[in-house]
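Across the two complexes that follow, subunit A remains constant while its partner is subunit B and subsequently subunit C.
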Partner chain A sequence: MFQSIYDTMIAGQRYVLILQGLGVTLLIAICAIIIGTILGCILALMKISDNRLLKGIGTLYTTVLRGLPLATQLMIFYFVVFAPLHLPKLVVAILAYGLNSGAYCTEIFRAGIQGVDIGQTEAGRSLGLSKRQTLFKIILPQAVKAVLPTYTSEFIVLIKETSVASFIAVMDMTKAGDMIRNATYNAWIPLLTCAIIYLILTLGLTKVFDIFEKRMARSDR
Partner chain B sequence: MTDEKFIQVSNLQKSFGSLNVLNGITTTIRKGERIVIIGPSGSGKSTFLRCLNMLEIPTGGTIIFEGTELTDPNTDLDKCRQKMGMVFQHFNLFPHLTVMENITLAPITLKLKSEDEAKEIGSGLLKKVGLLDKADVYPAMLSGGQKQRIAIVRSLAMNPDVMLFDEPTSALDPEMVGEVLNVMKDLAKAGMTMAVVTHEMGFAREVADRVLFIDGGVIAEEGTPEEIFEHPRCERLQQFLKAVL
Partner chain C sequence: MKKILMFALILLLAASVCFAGGSKEKKVINGIADLEGLKIGVQTGTTGEAWVQDNVKGVKLNSFKSGIDAALDLKNGAIDCVVIDELPAQAIVEKNPGLAIIRDKAFSDNKEEYAIAVKKGNKAVLDVVNATIKELQTNGGYEKLVAAFMPADGKIVIPTIPNDAKSGTIKLGTNAAFPPFEYVEGKDIAGFDISMGEYIAAKAGVKLDIIDMAFDSLIPALQAGTIDFIAAGMSITEERKKNVDFSVPYYASEQVIIVKK
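This part shows the complex of A and B:
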């Protein structure tokens, strides 16, 4: 067995492909979650605002981007939306995943904000705090805490979904594993390697966010 | 007690969709006056109180507070609300902040006090209600009665000119009602202008200068506690008192 692992992964330095793929996977996921988080904050505030236009834009955005399969969106972004700009594939992938994740983050954040008891807003306003001060000092700190578990799973989904990036020929980790499979006619070693790395990533991430959550739960004790 | 007209409510109306909750309430609250508002559930008494600081926006009528018309859309409500404390049935303490942070948040955020000043005022008020030792704990650690006393302190830290109480003891276990009512009685003794919606008839009798009986969205009867409780005139009030006493 060690021989076949050696033949498949080490010989010809094929493991480097996996590592490069891992780098791409992480790069896409991290950049996308940053874009998605920022976008999600803005759109969530738009969706809870009293302004109908802002609200409408937010709703349209989340409806469309959550309503289409990711692979389809990825190709639309690459071959249609960003085609005239001739951007590198990796950049398009980051943008596409970021924009898509933004839609999910919007809904996560909106639900988190609206999930905070209305009495909190009333208490803030009754003390003379403005709408904005109430939102930032009272509502958001509580929403962040409530939202953390769902936000974690969005990040984890994002990491896993980067495996679709090969639709526009981005060399992510899954694609790398698949290339090794092609070259060596050994399917299970490269794909299992990918699977294990994905698991380590997602489990590790879950742990990190667990620590955050525990820390934030101080006030519940 | 001065005769100064402090809060003037004229023909106040509020409807939620086709449901008319307030059907024209007119009354004046003078400075230093203690008003207790009673009435059957669904009568509009809480809505009336919540209109006073515009947490509910009235659909008609006017409210004038310290010479400012609150019902004028151009009024800076945030500014006015700083002078109107409100205590809620469900306390509404901020669970992510410690007791002291709950109390100092508004004075500090609104730049009315420095952090040190706000804490000093907070400590003084906490001492008065016997909860100074709870300054650094989170609300989740407190009993209902403690939470409500903190909520009262939080409002008082803004140094309000009037305190509105919306059924402050209705969510409390019976043995905790007393400690909250005592704080409110002390407040009344100190001359605070108060408007209290409550089912505690004993409190109304003891503390109120004037009792408003609201039924069907109007003031069906008003008078001194003696007039209301000993010599109720209208039939609805007589029925109501028979049911609650």
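This part shows the complex of A and C:
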């Protein structure tokens, strides 16, 4: 048992592949969630605005990007959309995941903003605050608290979704596991290793966001 | 509650054992004629896959990302046999004593030729590739590569190919699950095709950048310009010729069948 783990993972420095893959997985997930969050904020504001055009763009964006499977999207971005630009494949992956995550973040944020009681807006407006002031000073702070749990799960989904990055030859952790499987004819050790690392990542993330949530909940009391 | 769960678990285990045991019926395969109606594993996008689709009646085709995954599934007993190129089959059987190779005259009479593929009309790269292959075939370099990667004693020695290029890269697309042509050695990708790629890069005066991807993604990647050439034990076929330009062939291979002993 330990011998086969040694033969599969340690011999020939194959664990380095997993570590490199882990780095790529984390890089994609973190960059993508940053892009996704920024995009999500902008698009969510667009979707709740009164401007028909902005609203339409936001709706179209979320419809298309949430409506297609991620693997399909990834390949469309790599082989079609960004192909003429000759971007490095890692950059394409980050952009594709970021753009996709942006669509989900938009919906999460929109739901959060619209979930704040309308009475809060009315109160803000009747106190003489402008529309913008009401949004930024009264609605958003409450919305952030409300969206945190769903936002966490979006981040977790994103980490897990990076496992299809190998469709466009990005060497993420799952691909590293594939390579080890192909080199050693052993399926379960590399797969289990990847599974455990993914679990540690998602568990750790949940814990971190739990702490945030608890801190924010302080003001409730 | 706990008891019910335990019971369900035991039931599930028993059921899976029954199914696994019950459906096992040893199929005797001696050649192409016996393949009809079987569950056959192949690698997606390969000539083996196309051949099985076109020639085997009532086949239940299982296309895998790599031939090695197909072999693993064969070992697990989920499929009856794997149709794959000769040398990768030998490499697989060598490392998996439970498997054996079946040859068929129909396969050996229809040898396939491996060649390097470039984007249609990319004469610049094609010329370098062809010049390199011809040079290797005349100066003994080709025999050295064969001796290195297909040694009689099974001990592969990966040659180092000098390349003093300082700038520029040429991108080689491959699928590193096809030993001895391309495979993962430790944490690097090596193989016959990779070494040939090194020679090509050296001839072009640039560094080699190896990109490992799914076999069926290679031609789209070439067309999209994300790789410069494919060196992946790719056989010349009429279908592929419509989409890429092939170099002169560098190796003749045939399909074989891998079965469980």
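Please note the rule applied: the second predicted complex is superposed on the first by the 221 of 221 C-alpha atoms of A that agree within 3 Å, B and C clash if a C-alpha of one lies under 4 Å from a C-alpha of the other, contacts with A are read in each partner's own complex, and residues count from 1 in each chain.
As a convention for this text, contacts are C-beta pairs under 8 Å (C-beta built on N, C-alpha and C of every residue); 3 or more make two chains touch, one makes a residue touch a chain.
On a predicted model such as this, the values are computed, not experimentally measured, just so you know.
Of the two partner chains placed by the overlay, neither subunit B nor subunit C lies in contact with A:A93. When both complexes are overlaid on chain A, the residue A:I113 reaches neither subunit B nor subunit C. Of the two partner chains placed around the shared chain by superposition, neither subunit B nor subunit C is touched by A:L43.
By the document's definition of touching, of the two partners only subunit C reaches A:M179; subunit B does not. When both complexes are overlaid on chain A, the residue A:E122 reaches subunit B alone and has no touch with subunit C. Shared-chain residue A:L135: touches no atom of subunit B or subunit C.
Contacts of A:A165 after superposition: neither subunit B nor subunit C is touched. Looking at the shared chain after the overlay, A:R218 reaches subunit B, while subunit C stays out of its contact range. Look at A:K145: by the touch rule set out above, it reaches subunit B but stays clear of subunit C. Overlap of the subunit B and subunit C contact sets on subunit A: empty, with no shared residue. Put simply, subunit A touches subunit B in their complex at residues 117, 119-120, 122-130, 133, 137-138, 141-142, 145, 218-221.
Here subunit C touches subunit A in the complex through residues 65-66, 68-69, 71-72, 92, 95-96, 173, 176-177, 183-187, 211-214, 217, 220-221, 224-226, going by the rule given at the top.
The part of subunit B that touches subunit A in the complex is made up of residues 53, 55, 78-86, 88, 90, 92-98, 105-106, 109-110, 138-141, 151, 154-155, 158. In the complex of the two chains, the subunit A residues touching subunit C come out as 12-14, 16-17, 20, 78-80, 83-84, 86, 89, 166-169, 171, 175, 178-183, 185, 187.
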